[in-house]
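Structures for review follow.
In what comes next, chain A is part of two complexes: it sits with chain B in the first one and with chain C in the second one.
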Partner chain A sequence: MKLALKLAYRNLMGAGLRTWLNVIVLSFSFVIIIWMKGAMTGWDYQAKTDMKNYEIGGGQYWHENYDPYDPLTLTDSHAPIPGEAKNEIDRGEMLAVLVVQGSIFPQGRMQPVIIKGIDPHQNILKLPTGSLDTVPEAIPAFIGTMMANNSRLSVGDYVTMRWRDTHGTFDAAEILITAVFSSDVPAAEAGTIYIPLKKLQQMTLLDNHATILTFRDSDISRPELEGWTLKTSEKLTHQVDEMIRTKSVGQNVLYGILIILAMLAIFDTQVLSIFRRQKEIGTYIALGYTRNEVVGLFTVEGAMHALFAAVLATVYGLPFLLWQAKVGWTMPIDTSEFGMAMAQTLYPIYTVGLVVTTILIVFITTAIVSYIPSRKIAKMNPTEALRGKLQ
Partner chain B sequence: MKKITLVILVVFFGMGQLKSQPTATEILEKVDRNMYSENRIVEAGMTIHGRRSSRTITMRTFSVGDEKSFTEYLSPPREEGTKMLKLENQLWIYSPDTDRTIQISGHMLRQSVMGSDLSYEDMMEDRKLTDIYAAELIGEDEIEGRTAFILELTAIVSDVAYHSRKIWIDTERFVPLREDLFARSGQLLKQTNLSDIRQIDGRWFPFTMQFKDMLKQGDGTEFTITSIKFDQKIPDHIFSKASLRQ
Partner chain C sequence: MEIIRIKNLTKRFPMGKGEFTALRDINLEFGTGEFAGLIGPSGSGKTTLLNIVGSLDVPSEGEVFVLGKSIGNLSSREAAQLRKKNMGFIFQSYNLLQVHTVFENVEFPLLLLKYNATERKKMVMDALEWVGLTDKEKSKPPQLSGGECQRVAIARAMVKRPSLVLADEPTANLDAKNSHHILQTMEKLNRELKTTFLFATHDDKVINYLHRKIYLLDGRVDNEEIVEHSQIIQS
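Moving on to the complex of A and B:
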């Protein structure tokens, strides 16, 4: 085997430019696959972290009627905070949020909004709830950047908000925008206004009611609460997993094309080698090599392209991948329109598993592609081969 | 003696004055008698004034109290054939384009009707004012040459859309001429101006109503009645889902 590696190395070096062209193409595949997979892993991590920080915490209990995709259900999606949750809420380990529907009228335009009542002193979510802990003449409220852009509101603006109490009676008041936050989580930002929970409960005559209970710790096993549905963080981030799975399928097609291109070059090189090196093959056999050993030699030679490509990819790819991990990749389109947690700039994350898997896949594929044309050697007549006669 | 006669006259005429001034509840009862009916068939046009343009939708509505209502849109061609059936707090809408009937939950009644300043609830609200509001007479005013009582109404039931109202009522015809609708906080939400008062079947009724959402920009929505019939015999089958597809 050692001799086979030595011979393969010498032969590849001897082939000069032809070897290096193959290696360069293959190294591109390495770098691009690792970069793209890294971007996906980065997106997955960022999306879930942002969702955890700004929307779902360690998981949630939803009121049984609550359906975030159907605002019309909001009127019936609330109930008194269950006694079992009160202790955790008092300790600051759980956050009660009341969700109701309303409208705001910026510049005289009616805009439907979701009004969320939240405790100004909470620290489970990284929302600027501290800005609600003020007593201005209007109701203090904060919004996300997405909402601020759509409604053209900014900090210090007053706007009229209209809502209905639990009996359906209209009420309206001025709100003061005390903060604007940025989260990359559309569900936390789009069309949503946050005001103090107690104020919203008072406004809607829903004292002590909540729609969502968000807990901090995702590791604790949670009991079922009657009238409430437990949504673990896995369930709540399921949408991200689905999206990434869908995107990965598309990416796999691209990887396939990249690998096929590289493999075509290697296959071509192997066929050419076997055709041009018939005398050499005959000599190996005359010297006592079995046919399978010669096939093995040529397979190792082909597969060694992948090894060289891995080394080359490390030389120029490593700095590139590290640089990308630092500065990220800013997407040319506005990701806020995607409707799901996605940052404008994706920071790739490369795991050992990702790098090892990519190297293995490329190496094994190269070995297979190198072996296929080498099988022809097994059918060669050694005498004819020694004479260099075409077979 | 002269003084005594004068005092008697003043007291007599003064009492006469007091007697001729109806109480707020009496005024409201008279308004209800004009505005409320067991059932009605209305043909009307609704002009929605948008920011850039206006559009008019004509419709025919059969209603029984505030429980049942059936509306068929007659024009424009895009809306023609669209039908709505409301039974208590459930609403079904039939669209001829898709030949489908969609049931919408009671909350949909709070949404705007075809982009107008009116909600389904506003359109279908037909409860007697005396049943849901306590009235107080706070003065008199003049609107378009007509003297009007000003009544302040405060809700006495909880399930009412507007916590309070201020109504200007024609002192002779007992028909609202203007109505301001307020939120619980006192914020003015909507304003309605009623005009073209006509006598029909022994009652006075406004044939033109202008609704304006005071929080929104725009010129509001104009509702013009072309024909109205009160206390008709409306067959029950009209208020069935089968009639949506007919």
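Moving on to the complex of A and C:
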């Protein structure tokens, strides 16, 4: 094997440009695959982190009637905060959120909104809830950038908000926008207005009621609460996983094409080598190689392209990948319209597993592609090969 | 000591629906240090015989023993071992590895025999000195003349000091001056190292150097001639 490696190295170096063209194509595959996979991993990480930071914390209890995709259920999806949760809420380990339907009237247009009542002193979510504690003379509210853009509201604006209390009576009041936050989490921003929890409970006559109980990220095992459904962070981010998986399928097709292109180049070189180097093959056999050893040599030679490609990819790919991890990849289109937790700039994350898997896949594929045409050598007649006669 | 023994050798090749007999009932023996040649026109079977002796091909009938081993009964691995350890090959078109340097070409058989780097270096330089190419060790075959390429091939064949060197039309691509040069080199190595040389040729220049001439015609031994040492010197 050592000898095969040595000879393969000499042969590839001696082949010059032919070798380097293959190596460049293959190294390109390495870098692109790692970069794109890294971007996916980065997106996955960013989406989950943002969701935890701005929406779901370490997990949630949902009122049993709550269905975020059906606003009509909101009227009945609230209940008094259970006693088991009160201690945690008092200690700041849990956050009660009341969710009701409402409307606002920016510039005279009616716009349906979800009103969320949240404790101004919470620190479980990275929402600017501190801004809800600053205006005693009006109902303070904050919104996300997405909502601000849609309703053309900004900090300092007053807007009329209408809601229904628990008896179905409509009421309305002016709210003051005290902050606008940006989170990359559409569910936390789109069509949502945050106001103080106590105020919303008063407005809806739902004293001590909540729809969602969000708890801090910890290893504590969560008990079931009667009338509430436990949603772990894994369950709540499951959709992100599904989405990434769906995206990955499309991406894998691209990797496949990239690898096929590189493998075609290697396969072509191998086939050509076996035709052009018949005399050399015969010489190896005459000098004491068995035919199978020559097959091994040619296979190693082909597979060594992947090794060179990995080295070349490290030379130009490593700085590129590190630079990308630092500055990120800014999407050319507005990602806020995507309807999923996606930052405008994705920061690729490269794991050891990703790099090792990519290298292994390319290595194994290259070795197989190199071996297939080389098998022909095993059937060659050495005396014909020595004369360079095509077989 | 006997190096090669050929007993009732017949070699047939399939041709269309029938067979073509390249060698018929050949019986020959070669001892250590012989400088012998198989002489004959194209198609007389000399290269076929050389290939069988070189364990690159097998007899259809009869037996060929090289260094006591029956060629027809060797596995491909055993045949490769025999070639690797005991045989050197010199070809008409040199068959050098084009992308390797002169040094690397000559070093190749030693790599197969797993000599260490120091030994290899010394043996390669010795071999290049025998053929007068120490100054070309870093050159590659495309940078050499035909005569130089064949001298590299001789160095490659001789570097491991094999018992037997098989040379198939070694001067066919060389001019007279280069032919004489490499033949003198081979004769010198034969004399000094007692290596057995077996040629396949129809070149008069080579024939004049041979100590033993075996004439083949249509696959049979037509004639055999032993040349006295004094005659060779005269020639």
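One rule holds for everything that comes next: the second predicted complex is superposed on the first by the 388 of 391 C-alpha atoms of A that agree within 3 Å, B and C clash if a C-alpha of one lies under 4 Å from a C-alpha of the other, contacts with A are read in each partner's own complex, and residues count from 1 in each chain.
Quick note on the criterion: a contact is a pair of C-beta atoms (placed from the backbone, for glycine too) under 8 Å apart; a residue touches a chain by one contact, two chains touch by 3 or more.
Keep in mind that this is a model prediction, so the values were computed, not measured.
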* Mind checking chain B and chain C on superposed chain A, clash or fit? -> fit
* Asked: Looking at the overlay, what does A:Lys6 touch: chain B (first), chain C (second), both, or neither?
  -> second
* Structure fact -> The chain contacting more residues of chain A, comparing chain B with chain C, is C
* Asked: Which angle, as a multiple of 10 degrees, do chain B and chain C span at the CA centre of chain A?
  -> 150
* Name the contact category of A:Thr383: first (chain B only), second (chain C only), both, or neither. => second
* To do: Could you tell me if A:Arg291 is touching chain B, chain C, both of them or neither one (first, second, both, neither)?
  => second
* Kindly classify A:Asp171 by the partners it touches after superposition: chain B alone (first), chain C alone (second), both, or neither? => first
* **After fitting on chain A: smallest Cα gap, chain B-chain C, Å** => 76
* Parts of chain B lying in touch with chain A, wherever the complex brings them together -> 104-105, 107-108, 110, 155, 158-163, 181, 183-185, 187, 189, 213, 215-218
* **Contacting residues of chain A [partner chain C, same complex]** => 3, 6-7, 10-11, 13-15, 279-280, 282-283, 285-293, 382-383, 386, 388
* Residues of chain A touching chain B in the complex -> 72-73, 75, 103, 105, 107-110, 160, 162, 164-165, 167-173
* Asked: For the complex, which residues does chain C have touching chain A?
  -> 47, 51, 54, 56-57, 76-77, 80-81, 83-85, 89, 91, 93, 95-100, 104, 108-109, 111-114, 140, 156
